[in-house]
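Before anything else, here is the set of structures, which you'll find just below.
In the two assemblies presented below, subunit A is common to both, partnered first by subunit B and then by subunit C.
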Partner chain A sequence: MVSVPASGTTPFTRSIEDAARAGRRVGTTLVGPAVLVVIAVNILPAFFGFYSSLRKIFFFGDEGFAGLDNFRSLFADPLTWEAIGRSLIFTFGALALAVPLALLAALAVRELGARGRILLTILLVPWAMSPIVVALLWKWILLPSPGGLFASILATFGMPPANLLSNPTWAMPTVIAVAVWRTFAFAAIILTAGLGQIPKDLYKAAAVDGLTAMERFSRITVPLLAPSILIVLSMLTISYFNEVQVIIGLTSGGPIHSTTTLAYQLYLTGFVELDQGRGNAIAVVMFLINLVLIVGYVQLLGNKKGGEG
Partner chain B sequence: MNQGMRLTGRAALLAASALASVVVLGPIIWALSTSLKSDNHIFAVPPRLIPDEPTLMHFQRLVAEGVQWSFLNSAFYTVVSVAFAVAVGGTAGYALVRYPVPAKRALLVLFMGVMSIPSYALLLPTQVIFVRLGIFDTRLALPILYAAHVIPFAVWMTRAHFATVPRELEQAALVDGYSRFEAVWKVIIPGARPALIAAAAFGFLYAWNDYITATTMVESPDLRTLPVALIFFQGFHGRDWGALMAGVVIATLPPIVLFLVYRRYLIGGFSEGSVKG
Partner chain C sequence: MAGTGSRLIDRRSALKGGLAAGVAMPFIARSGFAQGAGTVRIWTFMSAEGQSPREKVFKTLIDEFEAKNKVKVVVEPQPFQELETKFVAAVAQKRAPDLVWLRDTFLSLVVDRKGLADLNEVLTPDFKRDALPDMFEVFTQKSVFDGKRVSLPIWPSPAQIIFYRKDTLREIGLDAPPLAWETFTDAAAKLTKGDRIGFGLPTSDNSVSAFINIMSGFGPEIFDKTTGRLNLTGPQAIETANVVRALVAKGAVSKTLLNAMGDDIQDQFAAGRFAMAQAFAPRFQQYQKIAAGYDPKELAVSAWPSFGGRPPAVLLGPYWTVGLAATSQNKEAAAAFLESLYTPAASMRWAKDAGLIPDRRSVMKDPWFEKPEAAVTRNFYELLSGKGAFVFPQRVPDITKIFSVLNTSLQEIIGTDEKVEVILARAKTTLNW
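== the complex of A and B ==
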């Protein structure tokens, strides 16, 4: 593949070695830029984040080594634990809503055949939108005054306008629903691909054996779809745990902290209050929780694949 | 009997699909409708979907505020970062398939691992670094960060694709007397088209739709992206829903058109990755 100059004077083995060396050199040159950019922009800041979490940094001014002070004060603050709890509620609440919806969508796409592709395209439109723009859009839909779309729908059922976003009980479910509205169809892509991998003969054989639709779903679809479901779970978990834009756009963490997740707390502490030492400590905590989640899913996925292979 | 049940099931499926489509598209269409209504029609009770006297006044209002410059900033950052990421990532993806690169396995783990690091957790240390390097609040800040996020995806999508293109094709081109450059231009790049388009479309959606990176890495009004400009506009004119929805329409049109045009590549890229990966 690397063109070897056909010089008769060089011994054959020598020219092969030269070619291999030249190949490695060209390969390294071609991969180099991508590797350098990724290390400089994705890996080094991670280390710098760990380093900064051990220092007192305010308003970009480094005031020296702080040991574990940032972490100590972080974990001594009950708001931190509440934020971690809300992050878990947000993440797993969104998963509990998104994954069944995505599964239903994927099943509908399969059943509809050619029209299924149109359905998938329609459902994916919000995924092409910006999270902050989606938040702005839903703020208008949910506006609790006459003329607002949601208020008008309530009015047709004889109900008064509801101010979901400024209600401490309803703000979190509303933010979750908006995040899911934007993202669930992305999971449907992967589940649709997974469904496509299941041999149709299995269903025919099951129908011959007299299995009901419910039995076919629980005995064929769910077990064979499990690897795709795990991929979806892992991708969405990470994405929901780190979701901040929808929260910034809809509630700014309120009312009364009811939507202040750890991701939003990081935004507030690091970027608004400019307490960058403590902010980096939050980032490190988030990073570790992410790591635990990723390793957990990889473990689950590995077991699943190993068990079937 | 069975036939009847089948038809009922089919009707229920179509009804559910139609309902889902309304829930998904309804809010977007409502925003478009609002953006075309004059102020005294926006809060009409009962609400009307089709504006009585459609007007472009809200779009003109945004132009008077200079939103078009933020639009151009967004376009600039997006185009530069996507072009760079696809070129650099595609080259790396190609080399990882065709050349004996040292530590290949470690590099693959690096690219894969980086994709699973949420970029949000890195923004704060990045901001401090950018301030110290003088990149903070410059035209370079966002292209660098967007490109770095998209490169691993471009590597993975093109790598998977090149692995399926027989290298004999390239060798034949060289034997036919094409120069290396001609072989790249006329054989390799056209062959990788679907993967390059998928990576570019993904990169476009990521860069164009970002808010959190743009709002933390850039401060000057004349460097703002469109989403950041809209949030600032909302801060000053929070009740001007006509103009705000006009902003939503302007910010949403390019990614939706891009998605509709390239949906096959995007859906294909992600479903292939999940089935093979």
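== the complex of A and C ==
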């Protein structure tokens, strides 16, 4: 009498299932600690932040459930809408400056070879510096008095000092420029790696076909670099949208709120005014805006890959 | 019965023993720590290893206390802006230090979070009898909440005061800044010359407000006695705003400093950019040392000008106080260390070596204060003792918000042509007052 396994499995299939189970166990074991860390460091604080946004918390004193009051008062305040607007101006203004600069730097690095790598190393120095140190450094450079470096340079041309950080019109462009100075080299690294993936044969073939340098750039470099550019865009968007240290160090959100972004508003409300309930409400709003932007980029990236496929 | 009797005796013995222990406990505790009991942890903005004059004195006092009492004093320096928040969080987590430096403006908030012990229960009778009455009452009284003394003020100071250069004042025929706003604005305007600006005002700070300092020229009544609020749309606030506008119109205050922090103004003052500036009084010595572009001996201090013939204003605060954590497990030793910071000898040392105003007023009788090097300390002492000296009320609503809101208003007053009434009304709305 031949015994047939009740489940219809054979020793062979069982061994495959066992191997798969063992594989899953190894996978779970390997990924487990990372998941636990993410839960402990990201997920739980995020939930706590959301929970806190629904409570009235001031100076570490929880005064009870507030429902959506923090959000209502936040959106009823015109300063919030202005701060959201300034965050978007800061983010996209910085992107508009940083990405072309990073692309230029990456192209220069590729063209210069070994010397290009030295250039990239030099460009990376600001990125390695603490943002608050960068801010203080630029504050000194831009000091509108005889002690300031920029003022001294202007003085050699017989020009008066420029009050960039004290001028409500110029403060935001100045803060954007400093933020870009600090971060564009990071984007340049990613784009340099992306450029390295483009087969050189394509350029040779294009040259044989008589394409100009500009045409090679627009028809080969840009399309093939698009995934890297999208990665850069998404990473810098999050970075710029959440940028606060450069603003704290340079302008403290002023003059007259002209550099008060949502991130600075969060710092001011949560850490200076110690209105932690409302501060967490701002954090939730920032998270949602970040989420929308990321989803947008992921869609773009997905479509791009799909298109290529 | 015998058994009952023995139980009674045991109970009596136990009661007597307990009573005796209870009576003796405070003395045992004091003498106990003197034999070397535990560690006193301190949170302050100073480091025990720091090299500023104030830190050196602090270190000396710690060393002396440790040698005398065999108690270890551990200083855990914290960023000064975070002392109160970190302390409240630490109290909740039962890991607070024994002693903490706090700004007076935050006292009520920390008291509300039940973070501070009642010092009346741990200070020695000698200290209460000799030291407390010898300190500036305007400061010591602010630390008493509902009969509980929650902290001791340290280094009485006018906080934000006017630093000026005597050499620049001499240029316009004055020895010191005028002490009435009507004449001060004209003098400040005359002091603006070339790259030098007459008067430097910080306009971007989260714990200092030049607007409140100017308004203090109206005296303590600027704070409502019941609510502790400033009347931001009242005639005094409007006149204050008009004074600022006049300073700008006359060129005494520059629009180019629309976004200057207190430190920026003080650093630029040290570099010679201003003839006069709002500055943090305890840093006077430091600014004498880093003065560039002028003789440090020309540096001097002044009270704020006043309005309508009132006494020159000295708004005392924010200033430092030292509190004992409610959760401290070593209250006796911590209180003993606290007391050691206020002995006449310690006060003398703070004054002589660190240029601070002595906490104990009696030490001002020391002949050292007659010497030229003590002239500034004497000057500060006179400012504190003046009729125009007053502190922020114990409870100022929205104290964490008011400075940034009023600094934005100040920026608007300096940098725009908008009506001051509209600007101040907006500040009031922002504060929900």
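Operating definition for what follows: the second predicted complex is superposed on the first by the 273 of 309 C-alpha atoms of A that agree within 3 Å, B and C clash if a C-alpha of one lies under 4 Å from a C-alpha of the other, contacts with A are read in each partner's own complex, and residues count from 1 in each chain.
The rule we apply is simple: a contact is a pair of C-beta atoms (placed from the backbone, for glycine too) under 8 Å apart; a residue touches a chain by one contact, two chains touch by 3 or more.
From a predicted model like this one, the values you see are computed outputs, not experimental measurements.
Undergrad: Putting subunit B and subunit C onto subunit A via the overlay, clash or fit?
TA: Because the two structures are overlaid on the shared chain, the partners are seen to clash.
Undergrad: Report for A:257: first if it touches subunit B alone, second if subunit C alone, otherwise both or neither.
TA: In the superposition, A:257 touches subunit C alone.
Undergrad: May I ask you to decide whether A:152 touches subunit B, subunit C, both, or neither, giving the answer as first, second, both or neither?
TA: first
Undergrad: With both complexes superposed on chain A, which partner does A:280 reach: first (subunit B), second (subunit C), both or neither?
TA: first
Undergrad: Which holds for A:294: it touches subunit B only (first), subunit C only (second), both, or neither?
TA: first
Undergrad: For A:214 in the superposed arrangement: first (subunit B), second (subunit C), both or neither?
TA: It touches nothing on subunit B or subunit C.
Undergrad: Tell me the contact category for A:59 with respect to subunit B and subunit C: first, second, both or neither.
TA: Second partner only.
Undergrad: In the superposed arrangement, which partner chain does A:31 touch: subunit B (first), subunit C (second), both, or neither?
TA: Touch partner of A:31: subunit B, not subunit C.
Undergrad: Which partner does A:163 contact after superposing on A: first (subunit B), second (subunit C), both, neither?
TA: second
Undergrad: Would you check which partner chain A:272 touches, where first means subunit B only, second means subunit C only, and both and neither mean what they say?
TA: In the superposition, A:272 contacts subunit C only.
Undergrad: Would you mind checking which one, subunit B or subunit C, touches more residues on subunit A?
TA: Of the two chains, more subunit A residues are contacted by B.
Undergrad: Subunit C: which of 74-82, 146-154 or 416-424 bumps into subunit B?
TA: Of the stretches 74-82, 146-154 or 416-424 of subunit C, only 74-82 runs into subunit B after superposition.
Undergrad: Where on subunit A do the contacts with subunit B and the contacts with subunit C coincide?
TA: Common to the two interfaces on subunit A: residues 60, 143, 145-147.
Undergrad: Going by the contact rule at the top, pick out the subunit C residues touching subunit A in the complex.
TA: For subunit C paired with subunit A, touching residues are 85, 88-89, 92, 109, 112-113, 195, 203-206, 255-261, 264, 268, 271, 273, 398, 400-401, 404, 407-408, 411-412, 415-416, 430.
Undergrad: Which bits of subunit B are touching subunit A when the two form their complex?
TA: Within the complex, subunit B contacts subunit A at residues 13-14, 16-17, 20-21, 23-28, 30-31, 34, 42-47, 88-89, 91-92, 94-96, 98-102, 107, 110-111, 114, 116-129, 131-132, 144-145, 147-148, 151-152, 155, 167, 170-171, 174, 180, 205, 208-212, 215-216, 227, 230-231, 234, 241, 244-245, 247-248, 251-252, 255-256, 258-260, 263, 267, 270-272, 274-275, 277.
Undergrad: Which positions of subunit A touch subunit C when the two form their complex?
TA: 59-61, 79, 139, 143-147, 161, 163, 165-168, 171, 251-252, 254-257, 268, 272-275
Undergrad: Spell out the part of subunit A that touches subunit B in their complex, as residue ranges.
TA: Counting only subunit A, the residues touching subunit B are 1, 3, 20, 23-24, 26-28, 30-31, 33-35, 37-46, 48-49, 52, 57, 60, 104-105, 108, 111-112, 119-133, 136-138, 140-141, 143, 145-147, 149, 152, 155, 181, 185-186, 189-190, 192-194, 196-197, 228, 231, 238-239, 241-242, 244-245, 248-249, 263, 266-267, 270-271, 276, 279-280, 283, 286-287, 290, 294.
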